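Each of the two complexes below includes subunit A, the first together with subunit B, the second together with subunit C.
Up next is the complex of A and B:
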């Protein structure tokens, strides 16, 4: 049964690619980019013939992601624990944060662009903003779901605050916390790429926009494949870290 | 702490923040070109109200179409994928890949395909809203208590009855939750297209105000669309609460 499922999946994938090739050639190869045109474009991209300065753009995008996510983690953990551990602050400000989370984040982007300009800063700010919310809300949810009895018992046995935190709270909320950190990473990556595509002079997103603007569609597809590679590799890295964290809680 | 007190503290905090911002702006510690005082933003609202409200109406109209499409397609697809195990097993990796892929990457292509009208906004908004709804509803149908299905079948329920009388009522809470999530995604998708392609609507208005360095108007328009989307989501939440109380 599993083998049949697998072979069906492979068949759908190959069939889809074949259909795409035939349909794209028949309709409009420039618009629909058949795979036979996308592959050479990908080769040209990776051998740096189509975009010789690709490495510097890619590096900039990765740097933006790292800074945006780093700031989102710091601020998310800070605000999350600040509001989670203090009852009054939590009850007053957590609903405001949750309401702001209901705003489609892209409405903030023009203001960020106005304030931070067209360079890296506005992309970092947007990636930060997108990553910050899920991390903060996950910390809040995690603190709330920690069994208060565990905390009371640990206190009764004389656990100091930092011991209480590391030995009781962190393991209890780790699952939720790691989930929030992963969502935050995915959103920080998307934020940076969205920012670059909506307006920038450098970075992977600006190349995508450039290829699109000049209707260099095979190059556009190749750049999208590369961007997906970046997204997937950050996700794989996150999965590895998640496994480690789970092993740590299991101990 | 009573609810009234919490609300009061929230209002006081926001008022304090606005006041501090006003004072900082008046004192000239920030450049009004980039961070205008709240009073200037209010004045800016008067300038931009017509354009912004028109843009917002345009955006909401597109979002409504995209939303209906996402909900109908997502719920229908979710019921099929959730109840037909073989199909779910085969299609699952494709759904996961499409769901996880940053949609922004296909945006330029969608604009190329559908031109600079309302179509790309509707298509992109639908893609944004469809996948979360599909994934949530699929999960809900898959997790319907098998005991209920067995009992219904052993009492001779037909396939149709199983869907209408057992599966549908069981998944209502998840469908509502997915609809709440979906509306924000649809709105997000429509706004991004408007911003990217410079097609009418709120996204375009915001982008144009930023490019024109009209910060007070930009802040006013941003506040307007934020308040509107918060109101929609809170409205859906209230509806959700009422329905779940009614279900018991």
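Up next is the complex of A and C:
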């Protein structure tokens, strides 16, 4: 069954690439880069012939993602638990958070650039902003769906607040929490890369912007594929962590 | 402990809860003592505050007035070295197996893994759960879940076992069997049990003393001593007349609580 799913996925991928090739050749190949042109560009990119300084850009982007996501996790857990465990604060702030989450986050980006400048700080801020909301809201939902009876039982058995947190709250909300952490990671990555595309001199997004601006479309496509690789690998890492967490609760 | 200090002493406790129509007095001026080894049942109409009273004994509900003493010391919070509690909702941790649920209290007390595993495994056999050690709560029946919860309470081996309508959510047959089984445990361990129920049958079959509470605000209406030996023949003239007497008292209070 698994092998069948896999081969189907590969078939769909290959079919998509074939369709892409046919469509791009029929249209203007400069604007609609066919895979046959994208592959050499990707090779040039990875061999550092088209963009020799790619590693430093890529490293910067990854650093921005790590910092943005790290801050989003810390703040999301802190605010989420703060609002979730304090009923009054939760009632006041949770609706505001949900409303802010519904606003398309990109509208904040110009003001972030004004506050934090054109360098890494504004990208980190944007990645943070995007990752923060889903994490916070997942923690809030997780705290609320924890069965209060389990908390009562643990208290009766002498659980102090930190024990209650580790042995009851965290396992009870693990699935919701991990889901939020995953969504947050994906959005932090998007935030950083979009931030770089919208305005910066370095980072993967700035290269994408550069290639696009100079109509170097094959290079542009190759960079997009690389960006996809970054997103997919963070998602794979998140999946591995999720499995880890499941095993941990099962113990 | 000096013999003239009762194991549990409740001294003029009271509790109010806030509600939309002003504070509601749940229990008022309740005093009672429970001696070592007693099986003391608290019975009364719904909402008479019996669960509140038990929560006070467990240290989970603070008293608004009066105090609760366990072995002469005032109760200020849960004390798992002396008191274990079983609730109507077993509250098993769904991510833990039956065995791991039984281990929970020992784990919190820092008992080493091997030791607590041993204690829990030894407990599962008399609970009739030996074959279900590695099952998760969702894979167990209601009666089994409640036995796991009782196992979890027994594992920390306290002198006092508090039970808040532990069989309330079970069907009649399971309920009777669980009662017989609990009686057996009690007689072997000689724990002091405080048992909240609204079942006449449970009260008469299990208790050495029955405390009847009034409708809200809960006060003590009467106390019934039951010296009859176990297992009790529920059809004996003695118990049938006791049942009628107890029902008379509870009926009156239930009517009052329905009329409001």
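To be clear about the criterion, the second predicted complex is superposed on the first by the 231 of 251 C-alpha atoms of A that agree within 3 Å, B and C clash if a C-alpha of one lies under 4 Å from a C-alpha of the other, contacts with A are read in each partner's own complex, and residues count from 1 in each chain.
Here, a contact is a pair of C-beta atoms (placed from the backbone, for glycine too) under 8 Å apart; a residue touches a chain by one contact, two chains touch by 3 or more.
This is a predicted model, so every value here is computed, not measured.
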{"item": "Partner chain in contact with A:215 - subunit B first, subunit C second, else both or neither", "value": "first"}
{"item": "Contacts of A:102 with subunit B and subunit C, given as first, second, both or neither", "value": "first"}
{"item": "Partner chain(s) touched by A:3 [first = subunit B, second = subunit C, both, neither]", "value": "neither"}
{"item": "Residues of subunit A touched, compared between subunit B and subunit C (which is higher)", "value": "B"}
{"item": "Which superposed partner A:153 touches (first subunit B, second subunit C, both, neither)", "value": "second"}
{"item": "First, second, both or neither for A:168, with subunit B first and subunit C second", "value": "second"}
{"item": "Partner chain in contact with A:91 - subunit B first, subunit C second, else both or neither", "value": "first"}
{"item": "Contact residues common to both interfaces of subunit A (with subunit B and with subunit C)", "value": "none"}
{"item": "Subunit A partner contacts - residues on subunit B that touch it in the complex", "value": "1, 6, 9-10, 13-14, 34-35, 86, 89-91, 93-94, 100-102, 104-109, 111-113, 184, 187-188, 191-192, 195-196, 202-203, 206-207, 209-210, 213, 215, 218-219, 222, 225-226, 229-230, 233-234"}
{"item": "In the complex, subunit C residues that touch subunit A", "value": "58-60, 78-80, 84-85, 87, 89, 91, 93-95, 104-105, 107-109, 152, 156"}
{"item": "Interface residues, subunit A side, partner subunit B - complex", "value": "5, 8-9, 12, 31, 87-88, 91-93, 95-96, 99-100, 102-111, 113-115, 186, 189-190, 193-194, 197-198, 208-209, 212, 215, 217, 220, 224, 227-228, 231, 235"}
{"item": "Footprint of subunit C on subunit A - complex, ascending", "value": "147, 149-150, 152-159, 163, 167-168, 171-172, 174, 249-250"}
